[in-house]
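In the two complexes that follow, chain A is the common piece, with chain B as its partner first and chain C second.
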Partner chain A sequence: MFNKSVLGFLLTVCITYTSALYFHIGETERKCFIEEIPDETMVVGKYKVELFDRQQNMYVPTRGGLGMHVEIRDPDDSMIISRVQVFDMNIGDFVHTAPGPLGMHVQIRDPKGSTIMSRTYAAEGRFTFTSHSAGEHVICLHSNSSAWFGGGQLRVHLDIQVGEHANDYQQIAAKDKLTELQLRVRQLLDQVEQITKEQNYQRYREERFRQTSESTNQRVLWWSIGQTVILLLTGFWQMKHLKSFFEAKKLV
Partner chain B sequence: MASSFCVSIFISFMVLMLVNETKGHESVGLTFELPNKEKICFYEEFKLIKSYVFTYQVLKGGRHDIDVTVKSPTKKVIYQGVKAVKDKIVFETSSGLYSFCFSNEFSNVIHKVIYFEIRPEDHRPLAIEAGVKRPTVNTKIEQTMEDLHRMTTEMIRYQREYRLKEAKGRFLAETINEGVFWWSLGQSVIIFIVMTSQVFVLKCFFTDRRKSTAPPEGQEVVYAKPLQTT
Partner chain C sequence: MARIVTGSLPLLGILLVVTLTMVRAGELTFELPDNERMCFHEIIEKNVKCTLEFQVITGGNYDVDMELTGPSGRNLYKDTKKQYDSVTWTTDENGEYRFCFSNEFSTFTHKIIYFDFQVGDEPPLDGFDVDAHATAMTQMESSAVTIHEGLKIVIDYQTHHRLRETQGRAFAEDLNERVQLWSIGQSVVILLVGIGQIIILRSFFTDKRPYSSIKT
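Coming up: the complex of A and B.
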């Protein structure tokens, strides 16, 4: 009993403190976000889903298996998501769990439109992936709600951090035994690395842009030539055909 | 047993809270597609009175326009953009829930791809980004690093801006490329149709007259005479 009340209190505390950006979707709806990132860049996404409770007239944490399906696609059609973790209240850490009854489906697509990750997770969770190829990665979320849940409203808290923002520096400092100053250098290094990657990706994108422009140029050129040829040929054929027709009819 | 369980939960939540306190309210930047006749609102709860920057930009779709409304916790409209392409606003937050709504309800068929960003106006010091709650007094070297950090952050910001502009240009170039391709195909087909139909219509004019005038013998002569004289 005491346990439950404490849990309830803590849950409310937790809700008031988790204040990432949120939005609403229908229970069967699906929302996608696009992340254009260089290669070898880490992306960390955290989400939490709440269900609208008509009796309490507020959004409450979903219990009993409302989860989210996460789908991630990268530009090379390869699976990039290696693992998805879910926060376990009993253990107090992110652990791998089997999808509960109401979860979240997260789908991530790469620039070529292939799915790199597609899995269903619990109502609150975290997904990380490192991009193998540069380009547009599509992250899609929808709940694993079944049809009879139907018209409910979901509130989805979402926080996506890319690049050096995805790093947990407290963890890094503890693991590599860095002093404060060393950690600052490390942070700066990560930032510079991110800039380098972005700059490199910029080169690739500029190339792609130029290829598109050159292709347009070629198409316009060949089409103008092609059209002139078509016009000449059809005009010639028209004249020839009509001439023989008139001659056959003895009109000329 | 029960108490230790409680404590473990409490600690875990404290950890969560700490993580949220230190890591929360970093800049948010999202790109999403908004279908025709649809509207979406994003909500962000601010706890500190601070200056924030909100920028948005339509990257793809039609005339690159979108309706944008930003509301304060008191439901007062602090910014409204009607069929806007891009904008940047700076606003002082008061503690509470802000809503950022994007509406494509005026568009009947066209989907829009929108990028938006909410970030604090000033940059976060390195120590804060590393998760230190109260940074200590800086030494000279730390100050220098902070300057470096400010510049690299600025660089990342410029790169992002450039990337978005490039993306917008690229989408346009791709649309033109495709447009040229399909139009050229369509135009070729139209030329063929017009050319052949012209010939057959012209032939019909002559054959029709002969057919309709053929049965009555006497009339054929009447019609044939003016034709031969011309």
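Coming up: the complex of A and C.
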């Protein structure tokens, strides 16, 4: 029991110590990140939000005030099963959580722009989703504070890992009881799978590029012909109209 | 197994802290609107090798200003209107390192920027076994490590290839749209000019005063 609480404490220290990359946004501002990924790729995002305290003149963790709202969209409008977990200090681990009163709104849109997931969560946690279609997924964040404009500054720590980087190998080793070599081979398999998916997606993108170029070619061709025809027709119409006009005026 | 784990708990804890704080690698792609500046910060320890590379994917002349500052406001890198660059440095003090992308010189083009920030070396795969490499690695294990390094390079090249391809494709799609719009616009202009010419010419010959210049 003592050991478990020690582990919990250390994990707490670890999680709070791992301040990943962070940036500042206003309370009412919105920030978006783009992930261009092939399909069936897992994306794990870890975040932490801190509010600027004017009295202490530093950033402090928010206390049940601000949190995060996650929204992911899918092209076929189907719900992606995603998990958002919040770090629970008592248990010392990430847990599923019900939506809180105020949150950081994270919106994830898939390539066609439709929403996959949309929920509100607390100030610190992580969200996971697996893409069902290849393309540009957009992850947007903003806090759902009730201020209309201005408001305080927020510090958002964000860490997004895609595909093979999202796997926690220590956990996998513990679960499947793998030796180090087996774990290494498992990692290599994951990497190769990621490379294969990316190559496949590359083929599809290249085809789209080629279609766009061919479409441009067609358009240039047909519009050139079309504009020449319009020009000639306009010329003929002008001459005909002028001739009949001058004949009416008895000038010709 | 459980006894070993609980026995080495403090060590595990320390290792976990050290591991997690030692290594971070993050890549992000975001849109930078015109006349704006976006900064990212990270707190890094001393003597850590860091690499930051960035690339502009779409927007205008594909250029952005980048500035990298250390903890005491010391400027480590500053360059303007770069399309792609990579900075490697070893930190010589603890503190908050900051890099900022600026699109303030642009009046209306939004830029999409990709950056990859690598802090420290890759952690050992299995963080539990501290003494795993007290014995020399077998050939199998070292081959596996070599393959892993090779695959990492492949993934890195793939990422760069993807970025270049996105750049080209975005431009081609933009070109496609512009050809359509400008062609429609030009056709409309031709018609308007043609009709306008006739109308103006007619107005020359229809004065209020009766005027005849019939030559017989």
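For this structure, a couple of remarks:
By our rule, the second predicted complex is superposed on the first by the 223 of 252 C-alpha atoms of A that agree within 3 Å, B and C clash if a C-alpha of one lies under 4 Å from a C-alpha of the other, contacts with A are read in each partner's own complex, and residues count from 1 in each chain.
Throughout what follows, a residue touches a chain if its C-beta (ideal position, glycine included) is under 8 Å from a C-beta of that chain, and two chains touch if they have at least 3 such contacts.
This structure is a prediction, so every number in the text was calculated from the model and none was measured.
Overlay on chain A: chain B and chain C clash in the combined arrangement.
Shared-chain residue A:236: touches no atom of chain B or chain C.
In the superposition on chain A, contact of A:250 is made with chain C only, not with chain B. Shared-chain residue A:33: touches chain B and chain C both.
Chain A residues 3, 6-7, 10, 13-14, 17-24, 31-36, 159-160, 165, 169-170, 173, 180-181, 183-185, 187-188, 191-192, 194-195, 198-199, 202, 205-206, 208-209, 212-213, 215-216, 219-220, 223, 226-227, 230-231, 234-235, 237-238, 241-242, 245-246, 249, 251 lie at the interface with chain B in one structure and with chain C in the other. The part of chain A that touches chain B in the complex is made up of residues 2-3, 6-7, 10, 13-14, 17-24, 31-36, 87, 89-93, 159-161, 165, 168-170, 173, 180-181, 183-185, 187-188, 191-192, 194-195, 198-199, 202, 205-206, 208-209, 212-213, 215-216, 219-220, 223, 226-227, 230-231, 234-235, 237-238, 241-242, 245-246, 249, 251. Touching chain C in their complex are the following residues of chain A: 3, 6-7, 10-11, 13-14, 17-24, 31-36, 158-160, 165, 169-170, 173, 180-181, 183-185, 187-188, 191-192, 194-195, 198-199, 202, 205-206, 208-209, 212-213, 215-216, 219-220, 223, 226-227, 230-231, 234-235, 237-238, 241-242, 245-246, 249-251.
Looking at the complex, you find that chain C touches chain A at residues 6, 9-10, 12-14, 16-17, 20-21, 24-26, 28-31, 38-43, 112, 117, 125-129, 132, 138, 140-141, 144-145, 147-148, 151-152, 154-155, 158, 161-162, 165-166, 168-169, 172-173, 175-176, 179-180, 183, 186-187, 190-191, 194, 197-198, 201-202, 205, 213-214. Partner chain A is touched in their complex by these residues of chain B: 2, 5-6, 8-13, 15-17, 20-21, 24-26, 28, 30-33, 40-45, 47, 113, 118, 126-127, 129-131, 141-142, 145, 148-149, 152-153, 155-156, 159, 162-163, 166-167, 169-170, 173-174, 176-177, 180-181, 184, 187-188, 191-192, 195, 198-199, 202-203, 206, 210.
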